[in-house]
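This structure is in structure tokens; I'll ask about it shortly.
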Amino acid sequence: MNVTVYRKAHFNAAHRLFVPEWDDERNAQVFGKCSNPNYHGHNYELEVGVTGPVDSTTGFVISLDVLKKIIKEEVEDPFDHKNLNVEVPEFANLIPTAEHIAIVIWNKLRTKIESHLDISITLYETPRNFVKYNGAS
Amino acid sequence: MNVTVYRKAHFNAAHRLFVPEWDDERNAQVFGKCSNPNYHGHNYELEVGVTGPVDSTTGFVISLDVLKKIIKEEVEDPFDHKNLNVEVPEFANLIPTAEHIAIVIWNKLRTKIESHLDISITLYETPRNFVKYNGAS
Amino acid sequence: MNVTVYRKAHFNAAHRLFVPEWDDERNAQVFGKCSNPNYHGHNYELEVGVTGPVDSTTGFVISLDVLKKIIKEEVEDPFDHKNLNVEVPEFANLIPTAEHIAIVIWNKLRTKIESHLDISITLYETPRNFVKYNGAS
Amino acid sequence: MNVTVYRKAHFNAAHRLFVPEWDDERNAQVFGKCSNPNYHGHNYELEVGVTGPVDSTTGFVISLDVLKKIIKEEVEDPFDHKNLNVEVPEFANLIPTAEHIAIVIWNKLRTKIESHLDISITLYETPRNFVKYNGAS
Amino acid sequence: MNVTVYRKAHFNAAHRLFVPEWDDERNAQVFGKCSNPNYHGHNYELEVGVTGPVDSTTGFVISLDVLKKIIKEEVEDPFDHKNLNVEVPEFANLIPTAEHIAIVIWNKLRTKIESHLDISITLYETPRNFVKYNGAS
Amino acid sequence: MNVTVYRKAHFNAAHRLFVPEWDDERNAQVFGKCSNPNYHGHNYELEVGVTGPVDSTTGFVISLDVLKKIIKEEVEDPFDHKNLNVEVPEFANLIPTAEHIAIVIWNKLRTKIESHLDISITLYETPRNFVKYNGAS
């Protein structure tokens, strides 16, 4: 009898999409305005889902206070008001597309949430563009 | 060729999270401010999903008027403007966490919706905390 | 390592729900106010999901610029500010319920998006009524 | 010590924008796709504001149950699931732009709400286009 | 050259609307389901507006960090997860309608925000019911 | 009989808040994480309001197509996917706080919208922080 519990969080960050091996023209062709060398930014909205059995005593899948603290330490503190390309080590050699950011967040949370619980990540880059990642399968 | 039809509804209610066998200190540790003996409350937002084949004549999975009426009778009328712990019999011996409320709603709707149709429940306790339940599997 | 990328779009349209073989009374019984012969309308909100592997060079499942263009040509241009019953050929003999509109959109996009990518359609007819379709299975 | 109380409501309707004295070309120039002779439609979201002193016994400016009933009778019942041009008498000789619909609603409510209370109308035609009207001054 | 800066906050609380001098029947007549003696509750969404000149050095009307801290101390800490009737002294002899809650919040903030700045309060009791208060005039 | 017409738009940008004459410590004290020298960013949501009489023939205060085009040329094209401090000349010597961005936008639109129409600007920096500016008075 599995239930999924969701917690929303958010962070504001600057980023730039480009492949260092490509010249400016090719980067502009593939990434458009997102390849601007001076960076642009977003209010990222994050939804973390945790799926598992409901504890018969507490009625919880996971304590939201615990989940909130994990998201703060693993995502909000290191990502908020940061330049993702320059200041977040995970993106030193990885383009910070919404897809990659979601995978990085899933991997970080996977090490902190008990392994019998499944994790899903929904990341809004803008209100009209978003991605979902449920882990490698 | 299955489609899922969703209908949103809402109810406002008071509740309190606590385990009667525990002392105040332990309840406060696990449930934090939610264990306040004087109750607090929420605007619960509910999304009911019904999945099944599309009727070739009407183009409907289920009539939304029918679904709306079932949700009103099974959820809104008994839960809205109520104290869940005190006035809703299903929670006489069950902590009204979002997880448990979603399971109770699913069970109530299951008896009223034709059995060849699947049901899913999404329940927002606040805009940042919500749960999903698709039934026992 | 599949990720789903979502893009939102919208169109405003008029429609009417009725079965031509039925008399007015039966249409009113099944479709209520939606069978009004003078039409009514909606702001349809559309979410298109595309699921597949992340390209290791670009960090994209699919370029959002490409997806945006496909949605514009296949859905927004032919549906926006139109009378679905009268002006959109797919509904000449198909009731334009939300279920049918979602299936029609899925079928149109399926011909334009590479076949190794899965497609899902969420269509909001109003903020409280919406449908999801992931293709025939 | 005036407070403003707001109540939201909504209705779905079809409409068409055109000046009967103009030819099709001029109508298309001024009203674009909105002049489509086959109509299009919207989910209109309405916010009615009522401003006045707070009753010292009830703590109310106006009972929301009373306000809700007035909005239902004056706006939702006559406008919902209707073709504004064809079925709503106020628009027999008045183009149903958002501006005009807001003025018509304000005038209808003015006759039903006590005269010492001020009225304001906000009408969303789409989530990105809306109008406000506070009465003639 | 005045600008208004807004900060949103929220709190969840239980309340009950009733006039102690009235019998149950009259309370039910005026307050409907809101007079339930066992309480019900809401997710209150609060928008605080502060209007004044823009500081020529910082570009701020008021530091949002300062405003956020004032709202936390004056509203969120004393109101969140509380029973407004029972646990918040301001409502010991004042019905906690949305109108009264907005006035109480305005009065509390007025003592903490510099007097050359104007204050406005918007309080959502539900997504469809809200009130605005700009102070006595 | 004045009506206000609103149009929403949006742009994504990077920025940094700091006073060049101040040292890092003082900038951090006043601007907190917003003074990060590597920039951070936002999805800015903009609402432009235009107030004036309703044209008796068209039923419009201003054509939304015209307003949309002005906003695109004056705000979206020069601000979207840009670094406000580095690439937008208006902020070469002006801190890009939300207050200043709103004033800059108002001033730009004032030169393009007929002078008998009033203009108001609401700018969301995040869903919880926003500002309003109605022009110098």
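Labels A, B, C, D, E and F are assigned to the chains in the order they are written; within every chain, residues are numbered from 1.
As a convention for this text, contacts are C-beta pairs under 8 Å (C-beta built on N, C-alpha and C of every residue); 3 or more make two chains touch, one makes a residue touch a chain.
Quantities reported herein were computed from a predicted structural model and do not represent experimental measurements.
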item	value
Chains touching both subunit C and subunit E, listed by label	B, D
Joint neighbours of subunit D and subunit A, given as chain labels	C, F
Interface copy of D-F among E-F, A-F or B-E, judged by whether over half of the contact pairs recur	E-F
Distance-maximising chain from subunit A - centres being C-alpha averages	D
A-F compared against B-C, more contacting pairs	A-F
Whole-Å gap between the CA centroids of subunit D and subunit E	28
Centroid spacing, where centroids are CA-atom means, of subunit A and subunit E in whole angstrom	34
Residues within subunit B bordering two or more other chains	127
Set of all touching chain pairs, with the criterion as stated earlier	A-B, A-C, A-F, B-C, B-E, C-D, D-E, D-F, E-F
Subunit F - residues contacting subunit D, complex	1-9, 49, 54, 57-61, 63-65
Touching residues on subunit C, where the partner in the complex is subunit D	10, 12-15, 33-34, 36, 38-43, 80-83, 86-87, 126-127
Subunit D-facing residues of subunit E, complex	17, 19, 30-32, 94-100, 102-103, 127-133, 136-137
